[in-house]
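When the chains are written out, they are named A, B, C and D in that same order, and each has its own residue count from 1.
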């Protein structure tokens, strides 16, 4: 019992320390963004690597999310008989909620984990120390361009993803459930979607910040060889997932207040 | 490509082991404990937030479409059982457990520990993967059940404080049928089996120092999360057709 | 004891013909043929990137070369003959360049791993050889430590003890003194010398530290650019080896730069 | 010969990691314009000692001076300025894998000379040319053998045109040919008057290149003085080291 408490206490203190260092990382990243002196080329390279190359996985995820949402709302529709609800329900869920958070999760796996692994590898092989020894600030050189690229890409990808989610929903209606896709679109039009679309984008930007900060922090604090890199990636995706859902809740709550 | 060959080998080996009922005994029990223990807090917190968000969204949608809340609780519980519970537990399993396994096996691979095992005539799949595979399936089931429960109660809290729906009204089982339960359980089992299978295979494919471990881990989380989503869509569709 | 245990001492332990290995179109090893016998201590030398490690991996069956005829313990080896392969592997000991200690096992279990799994010994039976091997490398008393708690030098010695404890018929030490200062590498080499003398088996040592390697070997195999450039007794090395090998050995032993290299720094590749 | 002025000094430096004491009250002067070797058995904290000079590590106690700068009290920004003059080259070739060799070198030029990417690239290629490494310019670091990777790290450091260069085990783990090539470059730098500090336990390199030798043993400086004196010293520990004897204190 005492050991359990001790280990719980240690975990608690560790997480407090982690939250603190995440905040420091976020602050230092923001500070290095102004004035914008970061490497342009590095930024474009990151945008390409992060944004363009995540496109396939985001499109596939979004299509499937659309399909799942339609299939899911079907059981409810059967009970209430409101076929119009399929479009509205799927549309709202995809745009404001599942779209951003599932795309964010996939993106965190594809990009956040990758960034943590890459930075961690640079720490382990002393490349980050070498940057410091060559008088280059690692935050400005490595973290700032990633931050900008991740936030920008995730917002843009969410726009694409939203569209694909709706297309996936329409396809599911048409082929799997034999509901005319026009019914789906009509249902979609019945509700005010612009707000949900915007809240989705706000969430995406916040998730981008979370993903970038967490992955840079875990990556730059790696210690202990290949094993350490693996542990850091693991910790990174776990913390990111937590961060995404907490941010999601806070934004949803704030949004409905105003 | 090589990855899928590894997955295939591991799959056949594990099915063979399942047939002979050689599940790794004590080691498997230890792994169930480890897997569950490592993920319980994470899954608990995350699912609590998911429940809160879900109810918030659903309630607002109902407000717009059918302006009454009487079915909110029942719909939430059904959605959680069939869909959100298992899929979120699956995704969280992929992030927490999948990356952990890929990292562990990947770092053994790049530091030649796997080769050292082979030289000692030990099959690394049998020693390392099989116990994790069965353990994770069992743990996944438990985590999905726990996650669903936590999400339901956190959703109930939001409904009470945010929308003034009393717990009595919210607590309703009338939508949940046996089919939903079966679907939820089969999803959790399938996800629990897929995640370690793919993640361990990614770990075995690692090469080239710490960079390789990082790549393997990243690949593991992307592939296993994606497979969880694909399988979810498939199982949901099959369930739809059977009904 | 299985029947494979008794082999004719005159027959080679390792026999390989026409070994060629390509990685991504590049030829790493090119038409290598070797016969290695029990009781020999073989020094494997050659410049960095010449294929020594790949050759070792092929010989111990961890890498399957693009083309080769490999016989171990007088029987052809292939992935298909699993029983023989298993038997071969249980008689091979390799000290990996990066030690490859199992980081979830303590020192005792690391050293005992080949005995327990490859030989199928009980823990009680394995205890004797494990403790003896640890004592030999000067690590008695560290049995219950995890590799992460040891210094780099100690991990190296655990890796060497793991090979020694199993007393394999074919032992390979891949760069056992990499990055060590002169005194510590002399200590490790003395350990290997001692082991090679006491064991009636085939011992292969690969390293750049020729000064300490050559005195303990009976035979030298030089690999240059994936080919065997010299294969013969150590004492004939400087008289019969081709020029490039002699130059390499002389440079490593005397510490005097090759005049051609000295005049034009960077003028030619290190490879 | 006049006494050479020290370019860097350590005064009474202590350093521990956890309960493990690596340096205890180390005092040391690094003469300008000469080639000093830091030698000692593996794991005696040679790298730890030297990293203090560029502020990659900070001492638990004691002072670190570079000319008239108190290094152990500088903040990160000031350290960046110092590190342009006094460059540290790591034991493992710390090249950026995603960039070509020329880009690796150009990166440093671009950051410190404030020039456009294209100019930096051509300056970088010129630097590689000077070192006879043009053939490597377009290669990716992971494809190169470790000897060549180390040469490129050296080229990258030299692109900063440092007044002091610190090399951490430049020849460890290399075959004799690769080691010669590195040593030839070090000799060239020595002739150009760059202050050199080389960490190495390679006795052959020490014989070839050292002006001064600092020998670290058991957390302290055991010997500091000329190269000849190092090889002929009447100290059992030094004697064991230079003759690689198995028995003794090491």
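Quick note on the criterion: contacts are C-beta pairs under 8 Å (C-beta built on N, C-alpha and C of every residue); 3 or more make two chains touch, one makes a residue touch a chain.
From a predicted model like this one, the values you see are computed outputs, not experimental measurements.
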A-D or A-B - the one linked by more C-beta pairs in contact: A-B
Farthest chain relative to subunit B (centres taken as mean CA coordinates): D
Between subunit A and subunit C, centroid-to-centroid distance (C-alpha), Å: 48
Inter-centroid spacing, subunit B versus subunit A (mean Cα positions, whole Å): 19
Separation of subunit A from subunit D, taking each centre as the mean of its C-alpha atoms, in whole Å: 43
Whole-Å separation of chain centres (CA-atom averages), subunit B against subunit D: 50
Touching two or more other chains - residue numbers and ranges from subunit D: none
Subunit A, residues touching no fewer than two other chains: 125, 227
For subunit B, residues contacting two or more additional chains: 111, 211
Graph class of chain-chain contacts, one of line, ring, star, complete, other: ring
Which chain pairs touch, all of them: A-B, A-D, B-C, C-D
Touch list for subunit C against partner subunit B, complex: 60, 62, 86, 89-90, 92-94, 96-103, 113-114, 117-118
Residues of subunit C defined as touching subunit D within the complex: 46-49, 151-153, 178-187, 190, 208, 212, 248, 251-252, 255, 257-258, 261-262, 264-267, 269-271
Subunit D residues touching subunit A - in the complex, by the definition given at the top: 54, 56, 76, 79-84, 87-90, 92, 94-96, 107-108, 111-112, 117, 153, 156-157, 160
In the complex, subunit B residues that touch subunit C: 108, 111-113, 115-122
Residues of subunit D touching subunit C in the complex: 40-43, 131-133, 135, 145-148, 151, 169, 172-178, 180-181, 183-185, 188, 201, 203-204, 207-208, 240-242, 244-246, 248, 250
